[in-house]
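Labels run A, B, C and D following the written order; every chain starts at residue 1.
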């Protein structure tokens, strides 16, 4: 095995708190093993456009606590074409890069998988997305921070809901995954949760509202945005129609969920997988996402990380039902 | 002057963080002066419906740090009728109440003023609203907390805006007043602020975006909701049309601005005016709002507190222009 | 199996954020299964003194987000005597209690184990302690909140350390366990961590400070209090002696680590084990702690939960070394 | 009046949240008026040592929300000597600096006043200190953030104090000034406040504890550190001696009070005086601190800003007495 001397590092897809902690861990670990690091700005797009620059231990000083990503991120249409990937590869070769660490989610790893099948360039991935929808890791970097941001917001909404005896429909992020809605629904004492995995069952919600405890002064319904941000407005409309005597409001939490200082757990997760990423490249790993399963570092081929669907723990739905009694 | 022996206390209109600190201060001060306190739930509506109950020092233990209002609040159509006000007065007499402390905003004091002109019942008011739009006090209870909530949210949005090079249109509360938008715009480093007082000047915004520094990676435009919540969507539409190359997003912060633990300043303000309210009733004050002007307790007749419009400090707009250079 | 009809519930030992979420879960789940709940104030001490009262669904409304424990907690010398335990048992029988849910840590479960060996009273325990030092659960209720409180504080200290080029010795809680120091040390980018499990190795610290990167403007050393709160002062003294040119300060974080709103993960953990506790009593479990291992509910006999020592993940120490490069 | 073309900017003394917002405002405003800015690192010490570097609009991007000071700060013994000040002046002249903006407190302005009397160099000052102890401004930059940090910490301590029925002695910062203790004492519902201005009257505290409401489950005593950090331990000792049945604890909040994201009000204050500082130098001001009094920009000669003692509002002490009833 030839020892790797220089690696590239980038973030891609939606940003997530903790990405900076992962960047710091990769750069510092590379330094520890005498490997040079080239930062790539704006993901695959910047790779194609040559936005590459050297990083050292100081480049990542005092960023562990910052939200967002200092490497910036972008979505790239070009990289979906063979021509785009060729341009990207040329840049990597030009800079002497022998391996890549990609921090991102589903789309990032799909790109990496295709790239890895076309060119001889080892790529390992770190799970960076607030959605927690990747197979091969118990948690993704950013999820823990995002759910804390959500409950902080919903606690505030609960204050005003209690004061006015209101019903709030709160929409949280999570594309095709209800994992943010599920944990935050439990944690904010929501009366009901509507997630894509259960087909956003409106009738169950109506039943719950119909038959729930009558003496509750406020009610929270947590809705996952699914493929369709803003869908909470339609649910709100239906609830208002059926329960005109409720003072019903809709709140879309939106982009605040992507930002903020990463939580302790997100920083630890990012640091652990960041260290492991560099060690994995040294050990010859490629085409794998590095996550943590049952508190141990776990490697999952990119194709499994993306394709497998994360299952909803049915117990969680039961818990919401019991606890909103 | 007959010594007052029993007072009623209620919150009304939109809830605001710090209302509980004011409630605590009124109840504890009344106890200090051997005055009984009757709590009235749900504002004027509860007054009419007889939702009255005795409060003591312990009723308000450990609430100074809680958002919302333990007395709940509501808007009352009934109280706008002479019949409603008569029913309310009957309840007060029935409970032996000799004076009232009303915590709320413009609508609350308008009701109190009319009530005070019809019945011999001294009423003093405490300024409780996040909008800071009352004449007769430098700040209203809840404003300081709300603007901190806003900048906390916008700091998070800035993280993701920076990572993606985006322009965000952020809508904040404030009915016909731009005071929340103005201070939070300065504090979050917004590139532009759009407020009702300047007719939501879209052209100025377009100029700013056209001619501003080109190398900024993210931009925030702060919009006051004005009479028209959701208006930021239309502004977003126009910006997207004129600047199709910007990655423009809209975020409506919504009801999170009403909740949360009150800030230190809001708790101190609420405590000071709460103490003053009881002392004012003892001293024979009525039909006045109690605020703080230039760090001193100030009394303002209800009709002035409501009718006068709070003026925008033109310097603030200038500051935004200078600092977003 | 006779169906359980009435259970007692208490918190004991040091308080931890999320205990209220656990209390809420136990009460609501009991209601769901038509079991009455008797709350017991101040742990074993209150049990002996007869501080028992009925709880219903409403008793636990709006507490999921509150720090501390509404049932209060205390340490009890009496309960360590056979006479004390007899008095406690008499109270339980007097109130018709057929099972107990104890929320606490090591001392709580030791008491429960002895009590369970003397009297025919099923007891199940929920792990409530910020120290995370119980065998039989991946995390204890309160740990996640506490580590977030710590990094929030250390981020603030980092701001001032950076501005003044200072070295801070920060002491965190954790009796005989370094688990708080370990994760928060990684997450706050500490230059070194001193924990009881590695004998608080001062020489290693001195080496690190001697040979670390010289261009770092601030340094954080994280110290676990161990059995000996305030020990950071002595470490500070030695560092000042050996490195007189450093501007060295000591900060003992203290009791802020016990309070605050529970994090999302702590609320979810507390809710899950709270539901499981009631179901476990119905199923005939006794003398067991209910935790979560690898995301599944796990039962551990009290004697194992207490006696086994939680091991330090050696990788974590390695990570600190690599990342502080 | 010769137009100023180049100014120097530095922070000095203890750091305070909002200093970065002030730095940003000065740099951006200078740019607006086509004035060059030279940043000086580490206050007077760096001025002497030649740590000067050019700043532009981008140097201060995305710092408005950061605690600490990007210019760093230090105390300088050299600058107290005539020789030190001469070296400093030489550096300024060498870099073509025609005016200075100094951000700091009492010591900073004393240095500036002496310097200004010896050399022809206009200096204006911005009040940056968490202590709020400067004459000539209603609030200093950093005070509002610090008091919010304090109440956030004390709210957490209240959680655990309530759970354990404890009395906490909490020491906050504030050298010879009790202003932090005063407002945070009111805002955290403290039972008593001990500040230097009232000679830390222990007897009054003992009376209050002796005669206060007996049914309170927790008590907070807020102590200003005065000239003597750690003095709370001695107070705690005396309280324990006199009230052995109380479970008394001491908590020194320490350096967390200096850090953290600045509050909205601190950012607005810093931005306003930062703009005014540059305009003041253009208008020929010198030897003055720029503060805000009654919401208007106010100029105060350095000697008045330092020498006058800020008076304690006696009403505040009365309020604590009334509200802790």
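The rule is simple: a residue touches a chain if its C-beta (ideal position, glycine included) is under 8 Å from a C-beta of that chain, and two chains touch if they have at least 3 such contacts.
Since the structure is predicted, the reported quantities are computational estimates derived from the model, not experimental observations.
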_Using only Cα atoms to place each chain's centre, name the chain farthest from chain B._
C
*asked:* Can you compute the centre-to-centre distance for chain B and chain D, using the mean CA position of each chain? Integer Å is fine.
replied: 28
*asked:* Suppose each chain is reduced to the average of its Cα coordinates; what separation in Å results between chain B and chain C?
replied: 39
*Listing for chain D: what residues touch at least two other chains?*
155, 158, 162
_Going by the touch definition at the top, which pairs of chains touch each other?_
A-B, A-C, B-D, C-D
_Partner chain C, residues of chain A touching it in the complex_ = 21, 24-25, 28-29, 31-32, 57-58, 61-62, 64-65, 138, 144, 147-148, 150-152, 155, 158, 162, 183-184, 186-189, 213, 215-216, 261, 263-265, 267-268, 271-272, 275, 294-295, 313, 315, 318-319, 322-325
*Along chain C, where are the residues that touch chain D in the complex?*
11, 15, 17, 66-69, 72-74, 149, 153, 155-160, 162-165, 168, 217, 249, 251-260
